[in-house]
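What follows is a set of structures to go through.
First chain A sits with chain B, and in the next complex the same chain sits with chain C.
Right, the complex of A and B next:
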């Protein structure tokens, strides 16, 4: 008897192939949409972090801070030998290190002005940046000491073309006003909102302009072989540096319930904490782009809402169908009851049908979603697309967390069982004699 | 004849000598100024711009011009208490920014946005309301302490003979490394200030065409700030309702900025 009910339930489903196919199809469609959204959200943060780390030239960063006698806070690494020594001691491995300085500047060209952050790095030797930053106009071959690379958006707002001279005004690390002239060497493709704000200049040139000496800079970025290694790398580097007696700002996990990223929380600590001399911060790319996690949470939340709305509609369909099924099989139910089948077994029969329908539909939906993901990820959008930041090498990429898929299937199963419960209960309550004499 | 000849020969020689002596005298006079009088002038300029033991309030109307943009008018009410390195700036115009404010206490400057009702960190080096004026322009003057005199020259600005003082920053706490001041000779009045970048490029010219007298002090009532990097960008500031009466302490608090917006 234990397996008879499920077998009858399966047989009943196959008896009404068209109806089962439509109901299961509706469930599969809903699950497919939700799985696609989950898959997109699953890969989103990794893609953003990875792409952003390429633009920032690092997965893990060390930033130097110094307080002057007058209490002014400077961002500077005067001597990096101690950082590299800590790296050697901890046996950490990385692909390459990039030294950068950043300054917020006003760019001027023929009456037009725009505020922009200039990132200084060694443009002549940073081959990795050359691979990642796609140039729309200009060439890497024309890079000189006073070169600047602007994104399309910024170049268009300033109305500049490669070869134009741009004046920049900014403050030195100690806050004094200074001016420097740059030659626009190239215009890069806008890669998302973040990419379109990046402007690159030569490290030595900008360092001199902001008052840093030769060999000094603001931050050191480490590019690792794998983004997933960033957190353990940062943790070990932090421990190693702390072990060498280097003063460090505590790594932060962000602020609960706020949009503040761990990086922002760390910067706030630098402003508010009482400290003196030199100190270092160690942080990962995830600490900077952790706000992207909120987008993932929003996408997951949206997918759950879609799931519930879709299934509210499907539930009504299932509920009506099972009510119809109950009336269609009223004599069958009467016969079964007359032959000794118990009320709970009748209810179980209906619920088993609903459960098989839900699982069949959900599994089909996941399979369909996986097929759709495979097909979508084959499309090459190229590196020039504005959506480059959320893609993996110009392709859409997906990752469905297994637990999330299981959660969706469980939700569908519960909702379907709930939809079928009342018709099942009504069928179970039916008196055999009444059922047998009821004319369809 | 010889005498005449001699005298004829002596006359140009004497004239040259006289001119040389005069030039030397003027030069020495200017050099002498650089050591003592010039510093005294800087001290006087600082005194004119500061109100020790008193507070200062005024209504500033700022007319800004930028290339390719419409002229914009802002109005801010400025409250200063130099003895405690405090200021409060309350934006009155444009209507869209009304209620915004800046509060300085010591070296901290906060910006208040009435829409979000939040304070955020700002700096005295930030520009005020998209104009060429910086928050630092509303702080007490400390030329004598912050700058050393590099050179002194004489010149004329319009109809006024002026001392031209070139100043170099003594520390890196000031926004401009080099300043060139044009100060009226007959009475200590700053007429023009040129501010240079660290690498010696002219960034900003400030003209002081009008002054008013307040409690025996000459205060500028109009300032013209010209951006020398972005040609065509300038701001004219007119100061009215200038007052040095004591202000209530609450004016220099965050609560004041919040309260005026209720």
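Right, the complex of A and C next:
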């Protein structure tokens, strides 16, 4: 046929420009919406991980654990030289390391109380935290040894202002009850649900309060240049530490079919497994936030449902249009059949036209989505938006997995071909004499 | 030698609950190189007979033989192939493909089926046909940019492009003014002489009927006259 049928099909699209534009436009609109959702979902997990790593001050973490003679499990790194030695041996590179300790405490102020996790880190030197945590009141310059930084939400519930003294009660690592006083140095902007629950205190001060000695802490976080390097970094560090004879908790892939993250699975193993002495855990930020992947799965599922619903509607339009087209071109069908065009080629003519319409619409939809993504990502929502956790530096960001885009185009092509199939079949079945007589 | 033989062909159409007997049993034969007019008033069965000879409609009874080949047992695919190889069509409403230009419309049948023609040979042949029908300056024009006469000239060139033995023309001048109609018939006659192609055309225009060298006249689905104008009249079948 030397491409004459596809050539005619392509040109036929330009015969009813308005109709082709509307049908192609409907396809393009559907694909654009779906691609935007896919693009948002594609960047979601990376943005959440990246933002979380700044709040947690690391992409990869090493946590120490110790079991006392009485069987109590302590979270502590007594000597980190062995970890840094393993790092040097494996030639791993990182931007900076942050030592942290965490304690669950009750905060009291003038009869009000709230339960909160206090994260202790070196407030004076942790520049990355200063970049990410936006202060609503107070200043980084007023940070002292007993300082505490609370989020707006927590500060409001406690009704405290910078300079107020807050009392915290907690348990030391050995299980003794203890209290400590903190001075509210600053109030941070509620940047997200997670961000609003973070309270920062000075590492040395909290360590002393919970009974850790100088130089001791609970976890070591490594900030890397690229989030994508986190998993290989963690894997090599784990291997290197294991090679040096350090006892490690096995890294977990999470529990399939449950909402349990790899991090939660590892913590559970620490509680349930039979072990003694001191051990270390190596995990990444992805191991902690992998639950966010379920949101991505949900978004992808929703986009597929939208795709199918939108195109069920478009399919009805395409089916009706092609039925109409068949009657409009009945004389041409009869002529072509008389001239020697076979039935299957008539069917192919209609299907080619539908395919060109689908591909044209789908590609336009992807291009429109890419333009929309570029424009949306230019808007600066700032760092103090509640949606901060899902953004990249206060901007919406998108990533469309190429295979997903191809999948969407293929789905649309199949659905459009399906919609045009029966009119195409009816056109092919038409007897040439009947077609020519009807046209008269 | 008969290029077409029609043997006691009948055609009945269902029309609602009644049956219309469009052709009531006709027989005739056509020789190679004939220039035949099938004449008769509207509803006499001219187009139905042409459609059956053109293998785009099947007789309800009887047999149509094309180049001595019976056609009644052929599948749709075989009939389509035979139409493409042996027959050319000219329609009353020209029936050009609107999205193709003059050259492409004429080329179209050559791109169908299993015909293998070299590019150079094809170009030379199509250019000759275009020159023959007098459309040398209109090659790249679309059908909607042409007059009725020009469109019918394109249709004639398209009908001839596969070098068919038989060209069927259903009322080829009906949508043209009388002067253009005469030119079209002249052109068909000229090609008939030059290429020895058999032309069978239906018409109810008496002036055009006279140009033919073989006239088959129909009335109410029956042949009332079957006459060769070279003197050898042949009344294969005459029924009142």
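To be clear about the criterion, the second predicted complex is superposed on the first by the 437 of 440 C-alpha atoms of A that agree within 3 Å, B and C clash if a C-alpha of one lies under 4 Å from a C-alpha of the other, contacts with A are read in each partner's own complex, and residues count from 1 in each chain.
In this section, a residue touches a chain if its C-beta (ideal position, glycine included) is under 8 Å from a C-beta of that chain, and two chains touch if they have at least 3 such contacts.
Model, not experiment: these values are computed from the prediction.
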item	value
Chain A as common anchor, with chain B and chain C clashing or fitting	fit
Which of chain B and chain C A:85 touches, first, second, both or neither	neither
Contacts of A:364 with chain B and chain C, given as first, second, both or neither	neither
Chain B versus chain C as contact partner of A:377, first or second or both or neither	neither
Contacts of A:278 with chain B and chain C, given as first, second, both or neither	neither
Inter-centroid angle chain B-chain A-chain C after superposition on A [Cα, multiple of 10°]	150
Which of chain B and chain C A:12 touches, first, second, both or neither	second
Touched partner set for A:183, first chain B, second chain C, both or neither	neither
Which of chain B and chain C A:260 touches, first, second, both or neither	neither
Where chain B and chain C come nearest after superposition, their Cα distance in Å	68
Set of chain A residues, in rising order, touched by both chain B and chain C	none
Parts of chain B lying in touch with chain A, wherever the complex brings them together	66-68, 107, 121, 123, 125, 169, 171-177, 195, 197-199, 201, 203, 229-233
Of chain C, residues touching chain A in the complex	51, 54, 56-57, 76-77, 80-81, 83-85, 89, 91-93, 95, 97-100, 108-109, 111-113, 158, 162
Chain A to chain C touching residues, read off their complex	1-2, 4, 8, 11-12, 14-15, 331-332, 334-343, 345, 431-433, 436, 439-440
Complex interface listing, chain A residues touching chain B	70-72, 106, 108, 111-113, 167, 169, 171-172, 174-180, 209, 211, 271
